[in-house]
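The same subunit A turns up in both complexes below, where it pairs with subunit B and then with subunit C.
Take a look at the complex of A and B:
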């Protein structure tokens, strides 16, 4: 039926809008020819719904802008910075230089002649990898378990919820410390995963409750009645609506990874043969005597600023993104933009969805 | 009515406040040399607060039990046999008031009037008991001691099976030994040892001696997680020279905590504490630093069963690459020295003992990384550099993880530098940290390491006599590290094998058995033989590098003087002992003067 239609369209050379309309409504489930169209359409939709509009809402918030700029600085430090700036090593510059004394070591040097700024910069790439891997791991496990549990309900829900309850009840830091000592991980991706090994549990629970409301939505019900498979419903209908919430929690998980990794490196639980702000703090404290009058306070302050900066960036981002989650703010802002002028009804839908 | 009630409440509050404040002040002054109530309100007594780096409640005073043996508290509780003075280079008689060497005999006389804290006299048989136990627990004098007798109540006589070297035997029997194993407590263990050695060693090794009977001027009073309290014994012969009633040890875990406690006056003394120059200059003036030789310091023990480190070429290359002067300057140039020659002799004594032969020895570069020599020696042994990293003939990368105690800050700085030096040369070096307890319990005895940082010399005062450090490097190291050196004793993973090194003359090789040669040295009274064997074995250590020497430290002891304590000047002869804060009170040289 479809092929004939399209040929006839091609033959006449006229886009038969009128005939297309009833066709579509008539054969709703046969989507043979619409596939090509909907792919880009859907991408467009997806972009508008889940990137452009939330982005617009988020960007309107000053916190997001500042947070994004801060994170951009860390990206600069982590990628081109670590590439171009010389790696720290002992005796690369004069020992015990103070900050702002020479351009060779703008933030000064340690008692062993390591460039403090170099140490800060070269700790960034691994930290970013850890943050991203930990964030992705925690949020994806949480989304997977939360959505499946919330959507399926029944025995699956009970099993998954009990599982996350168990994971939640294991004390996080001691567990991570034991695992770190046993595995002595060196790969930042693995460290990120290890640090968030049970961080996902709480997030999973809240996602589950979000899904519990989402699954009662009419469009989800419609999809269900049409016989769309569960994974498809979860992927196409449920998870996209959770994205803002997930993003906010991604930023929080990332912040947790920063603090946990710095703490564990400081305590010497994680292998110390890499560059990390935690190790830098530990060196400043124990080897340079920064707190016992060793005139090495700047060596403590430099990594502290780096840690505070990234944490601040992530918090601001998370708070900014949080607004995306707020339907009132979102509608007002997105409604004003010209991009949304033509599909108002869809807009209302989104609002209801959330 | 209301007013009355208020006032009543107020006075109550004030009274309660005073009570609380009273309780609180007792707690706060517990940290410093101060007057504390000793139960009787109008009679207060001064105390000396020192530092201990072990949890006091865990300490047990049986030196034959390796767990939680004391590092400093025993030096107050128990009297030393003698004390070695670094300034004069002589032993000062103490609990052993006299000793006589007779070629194949050694006679000790117990100090008159010395008693245990339970009131018993310290007798010759107490001393004999502990020396006899030493025969079973592997004390070095066991190798040549035939019998230990007590001709009378105050004399102990050791009979050797042949003549021995006087200096060695004197150091072995007198140095670093304490009157600590009372016959009534340890006699049963000795009996078991004599009947069934294995059973006896097991029993003795398991015995935790937690309520020690003291022979020193202070006795055990009470102990907790944070503090060990010792009280003055009036019946000690030197009690009258001490004018304070309590000697308290407070626990501080890390160097930084101890430094902080010294700075703010929470503790009065620390027996040994690494303090780098920058921190030292900010210390209060009243804190006096006493420096003594340590004959000990940061070295690297290669695991000789590792495929790469078992290869002499790799050990030599590492020694060539390490720039010792740079390591010293990074750590603390004031309290560390870089040994001129990597040999089994302490830095100060190297030229004296090696004499003219010193020119033959390789320095491996004290203040430079001799990468050219390192490259040559590696390439000759079949190693090559691939993509900037050294690999062996099978293409396997030379990996050098260096394990170091996490709580020793100076050693961590040193290791960071060494790792960078080795990495720049093309070795895949990394630093690994473990707590010192974990190292003692697991890493050292089981040889679970590729390279481990530990002392390359025997330690003071014995370390100033080369025999001890050579024996430490080649045969039986002091830290019980299983480093699998073939020439070492079986307890250190070796089989007392021969070693072949290039001859010192420059052509050909020489094969010697270090264990045999050193026992020959210990039995020799002939000076030229002693010199000859010393140089020969030093040559073996220099060429074969059973351990890699990096730094030697200067011991830093701290005592607070000022208006509270009357102490001698840091360079005074009487203070040149280890450790001054436990010795000076016995000499009446550390008096409480505070008010």
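Take a look at the complex of A and C:
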């Protein structure tokens, strides 16, 4: 069976229409058919098209599953963990404990008697806030500028593209460092935004080029001929189709925020008023003699694992979500049983391998 | 003719971008609070140096005369930049251009080498993975790529320093040369320079290659599945010809722009890398300048990195048409 055939009668029950993703079904509603559509129907449809089906496809991928589990662990660490686990303070346990010696400090303690595990856990909430605010800032600015530039074209496009070109030409990390020195930001939300201050530019460019092809689609053209306003077309017809791509890049931006923030905390560019894995690394590296003796190595390893774990989770999510891009995989999985889906997967693989 | 006007437009845009960044830099210097110059001014005034002489000294540090109007200051700043004068470093007591001239080659050496290696590995490895897609080799390599991409380069750098520098004592833990080695055209110098650059380059390459390998794999798989490759097979062309002339070419093309921009991007990352390895390149000096609030040096390096980034994207855009003749440049038409 060719994969293309399988999309018919998959989930819509309309054998004549070969549905290839959310485009068909969604443009039907926005074009305002004579049948009255209630809000709950719309919500239901939205859930089906943009949450349930992509979620199913994403979940089918092993990478997404592992990534989601890893991120869930960080959420647990960040919210209930930081709530219940005692905050690190000097001399809370015996100084210089090794890992796995007592239950008071499962991962050992620093030279000033701070619980290493406590430090790792209490750095998580700020990190999560930074990651989310940075990711939201970068992706929303990119979507706004990319869609408007790509859809409007002409002078608006030229102006916005030049603007993002300039933003892209400014080296991100040095700019962030200069700004961090000037503003000394303490609020994690602000730090997240600051770190992605020009990260959106490259993303905006690729969104623009996708919109350039999307705006030629027939359903967009139909909406336009019917006189639907530009913001509405962008919001209803264009942006929903970019969502998978945006999600993937949200995860990428989040990883960038993790790397950049830990790096800047490590260098001491950001004010060390909060717990951060970077500060922990720096302390262990410079003060605890992790270099020379090797006794304090565990103090380095704990924050390193924390950093790599969250980055790994985000990469796996991004890689797995990438598949949601493929509308063929999406409808197939949402409509059919797992077994046939897997068969077809193999089929496409061999097709590629010829 | 059309191409010529595109080159012209692109050149104008690159120059314009640099000019805007210089203007922003100028604005940032004006906005930056206090700093060592203010401290220095206070100190000198307390020592009884005449205010006009203090102003003259400050001016030589910053290219800015405090009693001028902002437009005059801007004009002076721009003309100074155009004559290649980036001001005087407050910290090093040297012209900023001299410091950059000394440090830049080292940073460029490390970053260009790392980026080149990243792409050689990405193209070779990614192509093999695509060719044997679905095999154990593919699975293991994909997993390893993702794992390495999850490591920030500075974390790997710290690990490498500890393992190879302090524990095994195989490689130097920092600095660009051994104290006894003099720069010059000698084998000893070259070997020593490479010896000191191995760890920084390794930490950049191992952590940076992962995602590029996966990108190349994706490209190659896509090309392998395209019709013209199938036709080439039907025509009975040799495997070698297909893989080099048909698949490799088309899979590498999309990575070309990424390669040049990554060099520029990595220059920015050199601040963290060189600080971790105490490798005195421009990133190292930029961090020192940040710490000491040495604004002329800080902004000078900032400008240099920006110009490098602009140039990288500019070259990528101009030469892409030569590499891929299918690309026709043109404005996006006015619509809707």
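As a convention for this text, the second predicted complex is superposed on the first by the 295 of 354 C-alpha atoms of A that agree within 3 Å, B and C clash if a C-alpha of one lies under 4 Å from a C-alpha of the other, contacts with A are read in each partner's own complex, and residues count from 1 in each chain.
Keep this in mind: a contact is a pair of C-beta atoms (placed from the backbone, for glycine too) under 8 Å apart; a residue touches a chain by one contact, two chains touch by 3 or more.
Computed from a predicted model, the values in this text were never measured in an experiment.
Look at A:263: by the touch rule set out above, it reaches subunit C but stays clear of subunit B. In the overlay built on the shared chain, the residue A:89 is in contact with subunit B alone; subunit C does not reach it.
Of the two partner chains, subunit C is the only one that A:177 touches; subunit B does not reach it.
In the superposition on chain A, A:227 makes contact with neither subunit B nor subunit C. Residue contacts after overlaying the shared chain place A:113 against subunit B, while subunit C stays out of touching range. By the touch criterion defined above, A:285 lies against subunit B and subunit C together after alignment on the C-alpha atoms of chain A. Note on subunit A: of its two partners subunit C and subunit B, the one contacting more of its residues is C.
Common to the subunit B and subunit C interfaces on subunit A are residues 285, 291-292, 294. On the subunit B side of its complex with subunit A, the touching residues are 254-256, 259-260, 263, 276, 278-279, 282-283, 326, 329-330, 406, 409-410, 412-413, 416-417, 419-421, 423-424, 430-433.
Across the complex, subunit A meets subunit C through its residues 63, 150-155, 157-158, 162, 165-166, 168-175, 177-178, 181-182, 212, 215, 224, 230, 258-259, 262-263, 266-267, 269, 281, 285, 290-292, 294, 297, 300, 304, 307-309, 311-312, 315-316, 319, 349, 351-354. For subunit C in complex with subunit A, the residues that touch the partner chain are 13, 16-18, 20-21, 24, 28, 31-33, 133-134, 146-147, 149-152, 154-155, 158-159, 161-162, 166-167, 211, 214, 221, 224-225, 230, 233, 264-265, 267-269, 271-272, 275, 286-287, 290, 293, 298, 301-302, 305-306, 309-310, 313, 331-336.
The part of subunit A that touches subunit B in the complex is made up of residues 89-91, 95-96, 111-113, 268, 271-273, 283, 285-289, 291-296.
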